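The data blocks that follow each hold one structure.
Here chain A shows up in two complexes: once beside chain B, once beside chain C.
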Partner chain A sequence: MNALLEIQNLKKYFPVRKRGIFSREVRWVKAVDGLSFHIDEGQTFSVVGESGCGKTTLSKMILLLEEPTEGTVLFQGNDINRMNRGQIKKYRNAVQTVFQDPYGSLSPRLRVRSIVDEPLHASGLYTKEERRERIKRALEEVNMDQDAMNRYPHEFSGGQRQRVALARALSTRPSLIVLDEPVSALDVSVRANVMNLLKDLQEGLGLAYLLIAHDLATVRHMSHRIGVMYLGRMVEEAPSEEFYSQPLHPYSQALLAAAASRGGLDCDASLLEGEIPSPLDPPPGCHFHPRCPRVMDICRKVAPVSKNVDSNHMVSCHLY
Partner chain B sequence: MDELLVVEDLKTHFFTRRGVAKAVDGISFTLRHGESLGLVGESGCGKSMTCLSILRLVPEPAGKIVGGRILLRGENLLEKSGKEMHKIRGGQIAMIPQSPMTALDPVFSIWSQLSETITLHQQLKGKSVWNRAIDSLREVRIPAPEDRLRAYPHELSGGMRQRVIGAMALACEAKLIIADEPTTALDVTIQAQYLTLLREMRSRLGAGLIFITHDLGIVESMCDKVAVMYAGKIVEEAPVEVIFKSPRHPYTQALIESVPKLDRKTDRLKAIDGQPPPLCDVPAGCAFRPRCPMATAQCNKAPSHVQVQEGHWVRCWQCP
Partner chain C sequence: MRSAVWRRPGLIYVPMFILFLFVFVGVFGPWLAPHSTTDVDLSSRNEPGFWDGNWSNPMGTDSLGRDVLSRVIVGTRTTLEFCVLAIAMAGTVGTFLGLVAGYFGSWIDVIIMRLVDLALSVPFILLAMVLTVTLGAGFMNLVIIIALLLWAGYTRQVRAEVLSLKERDFVALAKVAGVSPQRIIARHIFPNLTHLIIVLATLQVGYVILIEAALSYLGVGIPPPEPVWGSMVSDGRAFLNTAWWVSTFPGIAIGLVVLSLNLLGDWLRDKLDPRLRQV
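Right after this comes the complex of A and B.
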């Protein structure tokens, strides 16, 4: 299998000035701090973690909405930040996105036809005839009637809007779709529909997904590989089933325990105390040590490096 | 007296240009002291309106409670004057709203918001108000409560803010807590912490809890009994063990099956087709009929509420 998207030592630091914009005292928020992973063709890679851990910054860098401070994002072997304009257009067609809130992400003033047409129009690579054909096909793929084309978003329910958003992403025939919490704004009964559709499309069209989510049950249902982020760093990365049967990092274990306890399941690991620290001032050594139930002396001083426990399973923790 | 809250045939209707929307259409349930009831259903099924009716906060003039009785400790809330309700809300009944970001007023400090509630509902003055505030913040495990009292809502995290709202309920020794999806805006780990806290609060106050959610997992771990709502009616009501083991109503069964499971890999989710009917235009007979896989001609007539077992009520023709 080929890596479709490869991320190497990716970093994004945001400057924070202490007083006023002319102040010279600059501190840095390390939103993403040295991430490396890859997404294979036709697979789902999920990123989980609490809010503020850098998931969204990561997706923005992949979508070329933020420029990385350091590191590279390779798409089919090409560095996306060194592409020329023509290549960028092609890249934007190949990598699409669906946002969390289908009420905010569709313009209320445009008909569904124009919404789905937007990425096609923007790329300027297609004739009018091709565009019409593609809009039609994209709507078919998300199981929507053709007469939906002439209607406005407010005429649809949340689940249907999310289908329109998905049709918009599909219209340019992408190979990777970034899904930022695609179902969390939807009703439970509708979620199942959208998730099934996403899986069908993946099988039918060979799409790869980067799924950002916090509901671990949804993530299990959707993913092939899972990466756990904590304060900008990847603490564990493993194939989905291995992650759920044998989570290694204490943070992964705590996340699973928290999800299990609210679902009424029994679990061994204890619940986490406290909240995620401010990324402006992360703890030294391993970022997780103040909340870690298995903290050792070394964790307070030295940041752990990531180790492979087997060829597929990466963890960065001093325990291993 | 055993019953804390008795709701009998409650009807809340909205009079709109498009007709009468029966948001709550003949709901009855009882809640004992210290008992917790989960209200489950898709959005727009009348869960939140039921609770707003109990608090007498139905948006007027469009909405109106047109029938039924709400007895809190034997007293009918529908016969109370506005002034009397003012004392009951926040005093005997505490409400924990969905979004901790908007529930607190951003221009007042935590102290002024907490003390307002305490002076209104408890016969306390001066220093003892301060002490009570500190005590209740300590009980919801907010570190350094003296500092937090002087803080403004934006200085606290989402989980903290939700705890402050919990502290208000504790300070006033509420007898009934109504929680409207209190954890949807929170991270998994914080959710788990908060649910533990809510359980403690409930046993400490001996209060009844109405927990509105669409997350069946939380219901399983939080509630003694469950009422499933559909289009303004309770379609099934049962103790929590029963509803997950042997759900009788097709809607309940579909809801449970549509959720991905954390403890095993699911290949395909069973989705419920269609959407709940608009409340102005609920089909005659059983409202679930158009989406129901088991519907027969009999379902054109409205089914009555049948007891299938001690404490297990179902409104469906197909499960006698």
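Right after this comes the complex of A and C.
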């Protein structure tokens, strides 16, 4: 069975020119450095990591906002960077997104109706009546009143705006929604509502999610699989329950310990020392070694290879 | 001090009223003027106005016996037409270029911005004089010349705003949805520019009036016998001691309108900006 979305050895390097007009020297920010994973239909794959680990770049490549430097993104077996225009239109319908900032995601001059309509209109695949029906249905699905249609974004709260953004994503009946930190900017009290809504929608509509987050606590009850990213690489990937009960990589362990120690509340700080290194100049060998509580000599020199500990559990660490 | 004055509620109605008057007189001018603006009556040159008991010419007459009040009134229309045309031209071209430069970037941006630099570094009065002499003075010629002065201001500010708008999430989301660049510009970028354009236009009207006045004063403005405030001020130069009213009344008109426009423009800028910043 084909996975819905398959990422194969995906890389994105950004060139940075050294200062000086005549300098030819180019250094690279390796935002995404060899990512491979897949998402099955109706499943939630959560990608967790600190800011700067490359999560957003990953989502941009999946959404066709950036081209990969290397590697492939396969959707239903098709390489998205080699699609013709017709296929791209279908892809854009099938893969939608919700961004983090509810205040910047909605165009201030457009009514909710037009905002939700935008992907429908752009695809050119629906008649006016069909679009109107879908907008109505989408608003229902996110538990918003029909009269929201004629209002402007500034009349709504953050949580409501995210629901509008979600309605927009749902309008085309996608198979996959990329959720880039969908609740990070919301009040803690509102987060549970939105996450529950997402879960209900997944069950009701068979949606797959790529859930990008920096906080392990929020994503727990929604994820089927968890992937942990560090400086552009996936250091561990496992089914959700296995991950939470037995994280293998020291970085995963630290993230989990931090989330747990705060009682499952949002927490960015980890029990690690130091900060995430600059992606322009990552530490040699295993990128994580300067902060690793179980660092060994080999970690400083040789980059670890991904190993499958179980059939489903991958980890990238010299300890295994 | 200026901000304290107009921030008091209701005080903005004063400049608004003045400007309303300006537009009203501009539209209905010719019917309101008591006398002809062009009939020369050499027997009643430089006569004082209402302070001397002369109610037939309340603002006095100029050196050719023409009624100053009528000329100020009809001059309002000329000034209004002039401003609207020049700013419409400059605003349309300037905004379009700013949009293109800001949204598409790369070499188009480079070319347009070099043109902007050129336009802004030209010594304007000199250019206006040269062009007037070579192309001939005339209403439309002067409108075009002044539009040439103004467009670059729009382009620069519009481009800056477009650059910042381009990075907003809702633009990225539109791209993800597959919306074409033209439609993104039309639906997402341009509507968020209107507040900027309105404020710019309002502030520029005052500038245009002053420039036209300066050019007329120098003799390269709209040619006679059209009543134009700037020329009227210039005409009365020689008689400032004796027939001071010839220059003073048109001068007051210029001052009032420009001041009102500046106050209105500042007020508009404050009124329109924070609301959008909150988004």
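One rule holds in what follows: the second predicted complex is superposed on the first by the 308 of 320 C-alpha atoms of A that agree within 3 Å, B and C clash if a C-alpha of one lies under 4 Å from a C-alpha of the other, contacts with A are read in each partner's own complex, and residues count from 1 in each chain.
Just so we're on the same page, a contact is a pair of C-beta atoms (placed from the backbone, for glycine too) under 8 Å apart; a residue touches a chain by one contact, two chains touch by 3 or more.
Predicted, not measured: the structure shown is a model, and the values here were computed from it.
Enquirer: Taking chain A as the common reference, can chain B and chain C both be placed on it without clashing, or not? Answer clash or fit.
Expert: Chain B/chain C on chain A - fit side by side.
Enquirer: Considering only the touch criterion stated at the top, classify A:E50 as touching first (chain B), second (chain C), both, or neither.
Expert: So A:E50 only meets chain B here.
Enquirer: Consider the C-alpha centres of chain B and chain C from the C-alpha centre of chain A, and write down the angle between them to the nearest 10 degrees.
Expert: The angle comes out at 70 degrees.
Enquirer: By the touch definition at the top of the document, which applies to A:S311: first (chain B), second (chain C), both, or neither?
Expert: Touch partners of A:S311: none, neither chain B nor chain C.
Enquirer: Scan A:S245 for contacts with chain B and chain C and give back first, second, both or neither.
Expert: The answer is neither, since A:S245 touches no partner chain.
Enquirer: Thinking of the overlay built on chain A, is A:A259 touched by chain B (first), by chain C (second), by both, or by neither?
Expert: Only chain B; A:A259 stays clear of chain C.
Enquirer: Looking only at contacts as defined up top, I'd like to know whether chain B or chain C touches more of chain A.
Expert: With both complexes superposed on chain A, more residues of chain A are touched by B.
Enquirer: Regarding the shared-chain residue A:L63, is it in contact with chain B (first), chain C (second), both, or neither?
Expert: second
Enquirer: Which partner does A:V188 contact after superposing on A: first (chain B), second (chain C), both, neither?
Expert: Once the two structures are laid over each other on A, A:V188 reaches chain B alone.
Enquirer: Who does A:S107 touch here: chain B (first), chain C (second), both, or neither?
Expert: Second partner only, chain C.
Enquirer: Tell me the contact category for A:K199 with respect to chain B and chain C: first, second, both or neither.
Expert: In the superposition, A:K199 touches chain B alone.
Enquirer: For the superposed model, what is the least distance in angstrom between any CA atom of chain B and any CA atom of chain C?
Expert: 12
Enquirer: Looking at chain A, which of its residues have contacts with both chain B and chain C?
Expert: Residues common to the chain A contacts of chain C and of chain B do not exist here, since the sets are disjoint.
Enquirer: Mind pulling up the chain A residues that touch chain C in the complex?
Expert: 63-65, 88-89, 92, 96-97, 99, 101, 103-110, 114, 118-119, 122-123, 153-154, 165, 168
Enquirer: Okay, in this complex, where on chain A does chain B touch?
Expert: 50-51, 157, 159, 187-193, 195-196, 199, 214-218, 220-221, 240-241, 244, 254-265, 271-273, 275-276
Enquirer: Going by the contact rule at the top, pick out the chain B residues touching chain A in the complex.
Expert: 42-43, 157, 159-160, 183, 187-193, 195-196, 214-218, 220-221, 254-255, 258-263, 265-266, 268-273, 275
Enquirer: Residue numbers of chain C touching chain A in their complex, please.
Expert: Per the stated touch rule, the residues are 168-170, 172-180, 183, 187-188, 191-192, 276, 278-279.
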